[in-house]
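Data first, discussion second: the structure below is written as structure tokens.
Chain naming follows the written order as A, B, C and D, and within any one chain the residues start at number 1.
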Amino acid sequence: MTNHWVDIKNTDLVLIMGGNAAEAHPCGFKWVTEAKAHRKARLIVVDPRFTRSAAVSDYYAPIRAGSDIAFLGGVINYLLSHDRIHHEYVKNYTDFSFLVKDEFAFNDGIYSGYNPEKRSYDKSTWGYQIGKDGYVVTDPTLQNPRCVYQLMKAHYSRYTPDMVSSICGTPKDAFLKVCELIAETSAANKTMTILYALGWTQHSQGSQMIRTGAMVQLLLGNIGVAGGGMNALRGHSNIQGLTDLGLLSNLLPGYMTLPGDAEQDYKTYVEKRASKPLRPGQMSYWQNYNKFFVSNMKAWWGDAATAQNNWCYDWLPKLDKGYDLLQVFENMNQGKVNGYICQGFNPLASAPCKVKVSGSLAKLKFLVIVDPLATETSEFWQNHGEYNDVDPAKIQTEVFRLPSTCFAEEDGSLVNSGRWLQWHWKAAEPPGDAKGDQEIMAGIFLKIRDLYKKDGGAFPDPILNLTWKHKQPDAPSPEELAKEFSGKALGDVTDPKDKTQVLVKAGDQLNGFPELRDDGSTSCGCWIFAGSWSEKGNLMARRDNSDPFGIGQTLNWAYAWPANRRVLYNRASCDPAGKPYDPSRMLIAWNAEAGKWGGSDIPDFKPDSPPEDGMNPFIMNPEGVARFFAIDKMAEGPFPEHYEPMESPLAVNPMHPKNDKAKSNPAARVFKDDWSSFGTPDRFPYVGTTYRLTEHFHYWTKHVRINAILQPEQFVEIGEELAKEKGIKAGDHVRVKSKRGFIVAVAVVTKRVRTLDVAGKKVHTVGVPIHWGFMGVAKNGYITNTLTPFVGDANTQTPEFKAFLVNIEKV
Amino acid sequence: MRTMIQRYTARERSNHWVVAIAFILAGLSGLALFHPAFFFLTSLFGGGPWDRILHPFIGVVMFLSFIAMAARFWRFNRFTPADRQWMKRIGDVICNRDQGLPELGKYNAGQKYLFWTMVMSIPALLLSGIVIWQPWFAHYFPIWLLRVAVIIHALAAWIMILGIIVHVYAAIWVKGTVRAMTRGTVSEAWAKHHHRAWYREMTGK
Amino acid sequence: MALQSLDIKARSATTTQPPSARNPVHVAKLIDISKCIGCKACQAACMEWNDLRDEVGTNVGIYDNPRDLSDQSWTVMRFSEVEVEQGRLEWLIRKDGCMHCEDPGCLKACPSPGAIVQYANGIVDFHEEHCIGCGYCLTGCPFNIPRISKKDSKAYKCTLCSDRVAVGLEPACIKTCPTGALVFGSKEDMIHHAEGRIADLKERGYAKAALYNPQGVGGTHVMYVLQHGDQPELYANLPKDPSISPLVSLWKGVTKPLMSLGIGLAVFAGLFHYVTAGPKEVEEEETD
Amino acid sequence: MQVTRRQFFKICAAGVGSSSLVALGFAPGEALAEVREFKLARTTETRNTCPYCSVGCGILIYSLGDQAKNAHAEVMHIEGDPDHPVNRGTLCPKGAGLLDFVHSPNRLKRPEYRAPGSKEWQPISWDEAYTRIAKLMKEDRDKNFIAKNDKGETVNRWVSTGMLAASASSNETGYLTQKIARSLGMLAFDNQARV
């Protein structure tokens, strides 16, 4: 979230699209009802299903799963063609006036530089025109046809209301009504918040859906303001934190990235990431990359990390390609993976195409499960009848199942969707012989380290030198680890302006990332978490909920990264002169007397940079402004374009009926053998979409009696029209099939799932809630990912769970 | 020695007393739930829940034994023209002015009324009782029917209790009657006085 | 913690009413259906707090689970898909459970002294230790709420968390409700809160939004804000004008004392007849 | 009744009861009606965070006993933390049912091992498990570690063993896991955010 949960109460309009906040995040959704009750805010829900969010909405518009870019592209077109945008904001705080390279082109759905064999782009033409001064060339009059504004206007002019209605199946009047409501928030003192979740992420073009949403928000001037923002409602309690800590194939902590094979030189590695400003007077905060990186290496390898060995740069693994979940299961399926550790992760249920995942796991030599619960993955080798029909005798995988603790039995911090690091305390001992995750990780690591110490082996240096200064080496304490990632001074940290001023004494905890140094005098395991445990103590454990400004900022509750800032880009809530666009919801303002920014939030800005200096709000970008034109940051193009899901009920992409290359995402990675696993509408005519229900959490609460009582048995939802066609009545058992397998479930026949008119044909949707499996106290059921395709978003490789093709029949 | 006439066989008397005892138990346990003033009666049955548990079973016993009894006495309880005449003089009967009453068979009209009252109310009690019988049957019926049933049950019970009070009092009032149900016999004089037709039938006199 | 007679307004099968000397705040729960997302958190919290666990049931083609109220489920959500306006679907979700009537039919029908109690604060509570399991409360309730347990044959229903309220806490369902669809406080405050909600709903186009506080049972301590106040039956057949069934009123009203009196009179009539008219005796020597 | 009153006094002593109820506690004889004992009176309250979604609701865990040495702190009730700015005491159906997660019959209680081709679990000690896992991992790493790629560039990666990290484990666990995984040169490494 750019903003945070409580801040939702400050909004005038809530758009829930690509998510279902009421069901998946009910306690956060509370702030939507607060905004409605106390600000007369309106709630719009755009979703293939009439969800529980829709049940309390002011306006609901149906949409075909997977067509969100078309819808939002239509909104952009509406805003631009009706001139309902926040002019001052877009002119000053975005790349509206930036000129784009002349070579950049877009032809019938494909951008310049496409390589159809590799299914990827050469992005060299996707960039700005750079002037002789090294800065981007701009046209403040916005008349130049190569300026971002003109290019964007032309690009989205194709998304007419009729086109949107035809692609999305949304009735045209409903679409226009949504546009009108959204357009009202282009006023400087009106704001909209967008709440989305996996309903956008889990598409082959999910990242671009989110981007389109962000573009709408930028046009309206709704980013960086109270009650605005692009708010990703993360699914699990700490995937925000684990992502912040870089637990993804290509990441280091704090969104630093691992080097690629080609980046053999440490200096080039850093320089590429420490971008210089692209416009005069801009901050480009990533210029400090090296400070973050060196401090990180010092945290990991301590004294072994020196300037001489480039701070152990070569000890880090380099990427020849991404090793995301799908790639790893592909490799596993090819017999290239021997061992796998699942720590609180249940891939048999959570990964797409169960038959492939199950077969892949069976090719492993060993599998280690660390979990508080008996997951499906831990028993992938066991025959569970129709739900997991395998022959254990044929599966040669050694499996270890190690019991770990749950929340109630441990201390530690979690990062919520609003980026708050919140500490929690242990209430009870774990059951039986279960142990904490830290103890388990230490147990395995220390054995490996001992083996390397004793016997040597492949490149033991990073293992033997890993910092391990724990009072109980076999059970590192959460406090020690938290202090380590928050960071401390290894030598005295001095004020760069006055070297005699010691800011932090050697050995003390740091106050924040401005104190990080690239000379090895600081150590910090995750720069964005820096300062969360300072000499003031554990700030994540703070519990002062006072809210002096009344807009829900509670700066003394827990600790928000970065720098305890609650609303990102908050400088954009003020006009260029530093005055808040809406004083009643002031986040920060320029205080000329004091010569600094201040207010209800920590400024996301250079705190003493006066407005006259012209520094712009988006300080992490070298441009200083927000980008409509994504340059080379996205896999499939600088402007989001509608592509059909990999499995589409349509024969062509209505935007590009003549270009088959542009039917589905041209940059989406598909493994060779998986092309044949995609179904076609002649055999699988209905759109399948998977989702959560409010009564359950993922694949966990089927182990929880109370939740099993609330929603006991697997079901699928279909509309009345399809039910009639197929002779299915509510309560019947039905078989839902995709090209990859089938599930059997109870049918819920409902008015809430509509039949849509899409490109001249009727499209039915089959809704498939995910929560069941063959382990648990709820009624056993099929793993729904039996149905889903093995393909992900072109940028994130997040699987396409939200739009695929199925058939349905009465059992 | 007075001459005695057999009025009830041992079986008939047993049958009657089974009904009577069941009635008393069902009545007491039922009254206990009928009005708070009688709730103390639940103590006789081991407390409220036991009262609730036992009452319907006692009721069933009463019903079954009554059915047997009713079958035995059915034919004696048909109304005759004499009954009408007798009823016309009910005032005299109550005031013990028995001279000139018509000759009656085994039962007089009052007894017959009682019989038919019982024949109506006991099945009504059973049927309405089944409808409200927790926890066995009540959940099969809609609540509106439960509401009808409780009121029918209460009314039927009330009518029956009143009838039985009259019945018991009449037995005490009319001397020589109790013996019929304890020993099975009545004196000839009693029979001749109260049920002359029956007397003739029994004795051939 | 015992709540003595001074805190009790009415008690089942008790002809002499408690003094009700104390006048605590009248409490009420307000269920704002326009804010309810049907998440069933209230059901979960109710089960958890009251240590109840119903059976893991089955899906019969609808969202309602558990299917109905039971001795283990004191509150359930009832889902209704309706189109009041043509083409405008509404998913009305009503939390069902005891309404805590000001004039509680269950209490009226109950034959066991103290099995049902109405506290002075308005909560109607079942005391299973006094419950005899007769099920009369079912007949008294105009909302079809009490359920007899198959396990111990006693009646159960929502207590409005009387144990929490007694120590000054809100009921478990109220505390947990994520969207604030459930609120709790003095009845006066709840009516005021409802007025605000109704004004908001009217502004959003629900012209008939209204408070459901049915006077047929003297008002309730659990009230609803309904978007369609004129059609409560849209909400899974919420009764439009509920009252205690006249049959029950008759049965537990005049009938009880009159009938008891009748029985007493019958006995006395016999006694007086005996002492005035005397027994009917026959002369043994009477012959033809 | 006696016990009841005694417990009642305890509650009052704990400052939970109100003074008007104290007076009631002295009332003699038969209580006309009793509500259920307030079950949290002397339990231990611990502040925690809901482990499910990312709202990060504050929760209060109530466990049996006063943390005396001989008392086993069994979790007996969980409800929302009213001080928490986001949830303000509320919990969704998942959060409200957390008690049954802690006490789920499917909680794992001891390390288990499944041999190749076997149809069943067998118990294994922690030390045996660590030893065996470490041996398997080292064997695979030593065999398949890629120090240099085909072009002779230093890459130091190990991609034949992978790991999926949790989604509800703490930052401290995540940080430790990240550190260990990268020290081994692991790249086939993701967390729940990927899906």
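Rule of thumb we're sticking to: a residue touches a chain if its C-beta (ideal position, glycine included) is under 8 Å from a C-beta of that chain, and two chains touch if they have at least 3 such contacts.
Keep in mind the model is a prediction, meaning the values are calculated, not measured.
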Smallest count of steps, each to a touching chain, taking chain A to chain B: 2
Chain nearest the global centroid, as defined over all protein CA atoms shown: D
Label of the chain whose CA centroid is most distant from the centroid of chain A: B
Comparison of A-D and B-C (more C-beta pairs in contact): A-D
Separation of mean Cα positions, chain C and chain B [Å, integer]: 39
Distance between chain centroids, defined by C-alpha means - chain A, chain D (Å): 25
Centroid distance [mean C-alpha coordinates] between chain C and chain A, Å: 48
Intercentroid distance (Cα basis), chain D paired with chain B, Å: 70
Residues of chain A touching at least two other chains: 26-27, 30, 694-695, 705-707, 710, 777
Interface hub residues of chain D, defined as touching at least two other chains: 78, 80, 87, 90-97, 99-100
Residues of chain B whose C-beta touches two or more other chains: none
Chains grouped in pairs wherever the two touch, ordered by label: A-C, A-D, B-C, C-D
Touch list for chain B against partner chain C, complex: 2, 32-39, 42, 47-49, 51-53, 94-96, 98, 132, 134-135, 138-139, 143-144, 146-148, 150-151, 154-155, 158, 161-162, 165-166, 169, 172-176, 187, 189-190, 192-194, 205
Chain D-touching residues of chain C, taken from the complex the two chains share: 1-8, 11, 18, 22, 39-41, 43-45, 47-49, 114, 117, 119, 125, 127, 159, 162-168, 172, 175-178, 180
Complex interface listing, chain C residues touching chain B: 13-15, 109, 111-113, 115, 130-136, 138-139, 141, 144, 148, 150, 153-154, 245, 247-248, 250-251, 255-257, 259-260, 262-263, 266-267, 270, 273-274, 277-288
Contact set on chain D toward chain A in their complex: 44, 46-58, 61, 63, 72-75, 78, 80, 83-88, 90-102, 104-119, 121, 124, 126, 129-138, 140-142, 144-145, 147, 149, 151, 153-195
Residues of chain D touching chain C in the complex: 1, 4-5, 8, 11, 16-18, 20-21, 24-25, 27, 31-39, 77-80, 82, 87, 89-97, 99-100
